[in-house]
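What follows are several structures.
After this come two complexes, each holding subunit A, first together with subunit B and then together with subunit C.
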Partner chain A sequence: MNKSRGQSQPKKYGMVIDLDKCTGCGSCMVACMAENNVPFKKDETNKRDSITWMKVYRLTNGKPFPDHDICYLPRPCMHCEGHNGHSPCVSVCPATATDYSNETGIVSQIYTRCFGCRYCMAACPYHARYFNWWDPVWPAGMEEMLSPDVSVRMRGIVEKCSFCFHRYQRAMDKAHLEGRRDLEEAEYQTSCTQACPVGAITFGDLNNPEHKVHQLVKPDNAHSGRPQAPNAFRLLERLGTNPKVYYLSDREWVRRAGDNYLKGEGTIGAKH
Partner chain B sequence: MDSALIPQGVKRCSLGKFALFIGIVGAVLLWGVYAMLLCWLKGLNQTNMNDYYGFALWIWADLAVIALGGGAFFTGFLRYIVGKDELKNIINYAVLIGFICYSSALLILAIDIGQPLRGWFIFWHANVHSMLTEVAFCLSCYFAVLSIEYLPLVLENRQLNKVPFFHNLAHNMHEVMAVFAATGAFLSFFHQGSLGGVSGVLFGRPFGFREGAFIWPWTFFLFTWSAAAYGPCFTLMLTRLIEKVTGKRLVGDKCVDLLAKISGWMILTYIIAKIADTLYWAWVTAPEAGFTLMDFYSNNPVYGIWILVLEIVIGGIVPALILVTRKGRKSSFLLVTAVICGVIGVSVNRWVMVLQVMAMPVMPFDTWAMYYPSWQEVATTILPVAYGVILVALSYRYLPVFPQEKELNS
Partner chain C sequence: MWPWTPVPQDGDVNYVNSVSTLCPGGCGISVRKVDDRAVKIEGMKGYPGSDGKACVHCLSGLQALYGPTAVASPLKRVGERGEGKWRRISWDDAVSEIASKLDELREKGRPQTLACITGSDRGTVPELFKRFLKVYGSPNFMRAPGFEDTYEIVLKLMQGVDAAIGFDLENADYLLSFGSGILDGWGSSVRMFQARTAWNDNKAVVVQVEPRLSNSAACADRWIPIEVGTEGILALGIAHVIIKENLYKKDFVEKYSFGFEDWVGKDGKKHDGFKTMVLKHYAPNAVARLTRVDPDVVVETARAFAKAKSPLAICGRGRGDTPSPLHEFMAVHALNALVGGIHRKGGVWAVPLPDYVNWPEPKLDAAAEKGLAALRTDGAGTDRYPLAKYLPTRLAEVVNTAQDIPVEVLFVSGANPCYTLPDTQAVKAAFSRIPLIVSFASNMDDTAMMADLILPNHGHLERYEDVPAPAGMNTPMIGLCRPVVSPRRDTRHTGDVLLMLAKSLGGAVADAFPWESYQACLEQTLGKNWQPLLDNGFIRNTAYRPPAWQDAFRTPSGKFAFMSDACANDGKAVPAVAIEGKPEEYPLTLIPYDSMRLAAGPAVSSPFAIKTVDDTVLKGTDIFVEVNTKTGGKCGLEEGVFAHLSTPKGTVKVRVHLSDGIIPDVVAMPRGLGHAEFDEYVGGKGINVNELIGPVEDPVTGLNAAWGIRANLTIA
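Moving on to the complex of A and B:
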């Protein structure tokens, strides 16, 4: 509870990604891998079993030149809230190895409890979960440089983006030592947010009106759970996963690419 | 040489011939065991699964054998609870098939998980919201029940039965079998249902997701119903098969007819419910998620609309119509056709609910995830079949599985 702000709202960390700014450079992917000790494989040619907590998709409007347009869509874990905190992946895990935190709104993964049934992978429509098909391989010398705050995962379990949760813990430890119970916006940022050279990613507490993410999507004014900002959308919103990652784009085809629009359906945020 | 072990009054092939048969099937079994060890020792990188396609061929086999093994609980329920006495002539065989199917299912699950040594976490850290938790608990308990049901049959082996303790134990177990049959039916209701719930609750996967009652999606009820409907088809199909192989009549017409008739009515009612479910899904559930029915069956090389026709028409309506008519059941050809169609129907249903669910793209910019199993997956999927053949062969040779055999072949 964020009592110090006089609110009863719990924190709800989320991300806003401006797709009109993203250049698809992949810095976020690299930063995420390095920060979170994401292992390499000897052979990375099969992308369907490479681990990329943050993955950049390339979307196209499918039109020929000169109307051709592309968009890069970074996809971390959406930290879905689902129905009453029942994210698709959390509710199905038989061993309670993945959990939704009411304190932060983050979906965590307990590596030592996961036994690798992959039911959570089946449940996640965003393919945000990754299985360790192989033993982790670290190039010579790299063993020394692993991020000490993040545990290394073993073969046979599932892992995913944690919104760099260890950074939250570190920031909270510091705040507690200083006698605070609350964090400033800048104190907890994910590595991909920091690494993005064009500032396309914004991270913060969606429930906190002082945070930029809140202002970008203005959820307070939202009707029926949809963001007010006309250019904001969430991936597969209609499935009821209630993601905490918002995307911004002024391009209508991009917003349409975010959900399965049926023929003749109006786009969220479109001017009527 | 082993004649002292063979039930009295029945004929079996020579031990040499039998050993040769077991040897051949045993080689297949060893091939599967080798693949299984590879998965355990080297990991699931031995399979062709990937992060887009996390359920292997063997998970389909798992669901299919559980559905087909449903003949055990349903026949037990009819025999002991409803009181269909005629079914006593096939109950042993149904229990044997159930025992094989369920032990296979547990073995497959043990191969499927990435950390087999942590398999017990499912019980220890159980998440009561997860369908898989319910599956694991009920499956293990029901396997224990099936073992208890199979045990008296083993104790009735000619030599074992000479030991007074075993003789009395088998006798007493028969006396209380109704309790186990009831427990089995109860457990089966839940685990068959929760297996249906496994994909039915995936609200992120509109191909599998179903609305439902309380915490249960419609697939929960459909799976239980279909297992009860099609399980007996599998028992009958295997009965015919073993009769063909041995060249003997093993189960009387009256018993076959009764089971076929009940199965037919169950399939008929099931398929009506399944059609209603499909229509609701196509008209309400799918459009709410932004899909039309044909989105699920186009733009890919395998999953055409034919698969729905195969499941509902060939695997549902056809066997139902054959089995509910006296004429259909009387004709050996039609009966065999119906039970084969039924087995295909329920297997296709389990296939789509496991593999097509995974293949179907959900994000608009994604494509179908096509997958073909590695030889290790195929071998481990065949492993339970080889194990089943061996167990049936051994049980048939040494245990009184078919009480009518003597009278039908004299």
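Moving on to the complex of A and C:
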């Protein structure tokens, strides 16, 4: 972080997703694809090569009829901080194509630097990174809808959710033009947050006590951002990835699905 | 950079607000543009219902605008029907070809053989079609089926009004859904999502009655699994408990309703009232046997429903694209009446139909008078089906069995009957018999593939059109769909094409269309509303409140009618509408299911939307059906295996997805797949469930009441 630029306080942009509100409608996925020039193929049913920066997983409680229950879990990039910015993917990238920003807390992905070794994909415990096995092809005429704000990716490189970083840049440009150094909470929101029709996704600065994300999960920065709010949890908390995407659920089985618990082991994030 | 990857042009950014007509909910949208290119669709803040949000299909609407399915010019069929071989044709040639065929029919004295199917019957474009058919001399205007068909009849029978159904959803504090996919696309989908947030905030209780753990059921406070097709019986079971335990609103029932108590008719005969009928036949134990819902659950639900401050019961299965049995809707409406929920905050409202299209009555010539005197081809409004306005589901059978072809020319606009009507094979066979089919689709769809001529409308982001209130909206409103980009292809507004056609026909037909263009027609029709519409994108009468009980009902008694002569059934129990197929031959039941991620109405899913579909729903081109784990085991089926699914309508190959979220002995198939191969992204994937399910006529209305079909599933 460069203090001389006048950033008063380092930001830690993060997301809180209320799984009890999510209905699995898919608006976040589509809003993300449309915002970020995500390509599509004729067959997208092989989910291992289907690029979805935001992917909604379907979880079940595994109980037989009629006690069965479903929960949808939207999974963007977790923008892990690890310890001092050592996110799993950043640590292994030999090309510095991906980096952790101490200014925003966003894990970047610089397409022109990536040479496709895919170490980052192996390192990411959340399957949030995707490899371009082919050059993207748009059917005739459909290139028209591509946004100039996000580079189109090419074959042989890795891509992932950027927390709509171009929206941050856009908002900062505007703020600077108006002589401001800081953004209002509403000025920078990701496309998925904006699109969610039930308001299940909240986005903002986890370091800012006035932002909703902070209030919802009360991150404990002394302990790698661990949530202190009841019912809040992160995926694979105990791996130490220190992700910036938090989840909320009243349901114990949902919270337990967030990590590999042993039988009889207590759930992290249970009501204190 | 890399010369083979596109570098999108930068430019000036601006936003245009419009209404997306891709989904029947009509999401208000705000489109981000870079110079003249539209690059992103977002929700439009403040738009009634959707307020800043939009559904998956409207969000990916640019793929319809710029995609390969957009029809680039008028097309004339050159190959076999459905083969997809076309020749470009000029607008003048296309219009004169239709006009000469229409002239010929009039000369032959058979103008009634012109028929028309549209997606909606409200707004200026459907009204232009209606007017065209009228002055031409055909009574055969049809609206694609939906749950509104049944609700309109319910309002007519029970409240005596011609009105649209409206739900004050946001203010309900106990929502009892009889299979309505409240989070799976029912009504105005995004409004439902927003309402859910209101229910969360108000601590409202949502109870979903459904055979399958849909997303609506999974997100409800309580899921009540029920035997398929018995939702109406459960509603009456709940009514039984409410009446027996004296939990109903006496001020409403005693003063403002008729048919609750036994009554003596004009003929001097005593009739059983609703109370007697329900108490006699629908005790919780009897209901439990039919519905597989525990009697305690019936009692508990009834008590909670009746004791809530603003309880609301809704029905119309899944997305509500199909009408349902009349008795089921009447039972649910009666339930609302029992708790005084008619025209109350958080209840059901009868909303006046839009009345802003006030064109002078056209003068009819003799040919038109004669044609209009003919009975409707689909039978709606005849002695056999006096209650129904439109019965397009009957069309296939009528056309297929008639000696003399009853439809010579068919217009299709804003509808996709070759995909959405039940028994697709029969529908396609019927369409093959129709000499001239004209599709006004702007994007290729299953029906356009069956057409002889395609006269493409401007795309949904390239045209002006008024968008009346979507289904279930409880305040009158009009939205404005307006061009985000100028038309990119050789397309014409369907309104203008109708004006052209009328002009070519001349005489009284031409006289009925005095406007020089559709635009002029739209602006004149909206009059003083036009400017506010342009300024705000919508107008809405937020002050609208439904009339008080003493003025609300126009039935013969002037009161809310629990029982109606049209279907009194004289106090007997009403069985669930039987579905097709013998249980001995077909031990299981096939039902369709809806989800937000697959469009299943007139619009086809986008490539983006298809990408969101799980690989337990579609894999390659194989569709998965959902079967209860135990049922699957009984049939020797494991997860993912191929199986033959057969119904009386045919046999298809499917893959099996075992689930614990579905009642045993039921097979559920997603709606929205199996489109014709008009592109490689969406077409030709999976199976259209309508191919496997035929229509079943509701005994009273004639509307399609099929909620499923008997089926068998064997390992392939």
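In the analysis below, the second predicted complex is superposed on the first by the 254 of 272 C-alpha atoms of A that agree within 3 Å, B and C clash if a C-alpha of one lies under 4 Å from a C-alpha of the other, contacts with A are read in each partner's own complex, and residues count from 1 in each chain.
The rule is short, and it goes like this: contacts are C-beta pairs under 8 Å (C-beta built on N, C-alpha and C of every residue); 3 or more make two chains touch, one makes a residue touch a chain.
The structure displayed is predicted, hence computed values, not measured ones.
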Fit or clash - subunit C, subunit B, common subunit A: fit
Subunit B, subunit C and vertex subunit A (Cα centres) - angle in steps of 10°: 120
Touching partner for A:201 - first (subunit B), second (subunit C), both, neither: neither
Partner chain(s) touched by A:135 [first = subunit B, second = subunit C, both, neither]: both
Touched partner set for A:40, first subunit B, second subunit C, both or neither: second
First, second, both or neither for A:254, with subunit B first and subunit C second: neither
First (subunit B), second (subunit C), both or neither touched by A:183: neither
First, second, both or neither for A:229, with subunit B first and subunit C second: neither
First, second, both or neither for A:77, with subunit B first and subunit C second: neither
Partner chain in contact with A:30 - subunit B first, subunit C second, else both or neither: second
Subunit B versus subunit C - smallest C-alpha distance in the overlay, whole Å: 12
Contact residues of subunit A, present in both the subunit B and the subunit C interface: 46, 135, 154
Complex interface listing, subunit A residues touching subunit B: 46, 48-49, 51, 57, 59, 73, 82-83, 86, 88, 91-97, 113-119, 121-127, 129-135, 154-158, 235-236, 238-241, 256-262, 265
Footprint of subunit C on subunit A - complex, ascending: 21, 23-27, 29-31, 33-35, 37, 40, 42-47, 50, 52, 56, 58, 60, 62-66, 68-72, 112, 135-136, 138-148, 151-154, 191, 194-199
Subunit A contact footprint on subunit C (complex, rising order): 1-2, 4-11, 32, 34, 37-43, 50, 52-56, 59-60, 62-63, 65-68, 70, 183, 190, 193-194, 196-197, 200, 213, 215, 218-219, 223, 225, 596-597, 606-615, 618-620, 628-630, 659-664, 679-681
Interfacial residue positions of subunit B with respect to subunit A in the complex: 43-45, 49-55, 112-116, 118-119, 121-122, 124-127, 129-133, 136, 198-199, 201-206, 287-292, 295, 357-358, 362-366, 369
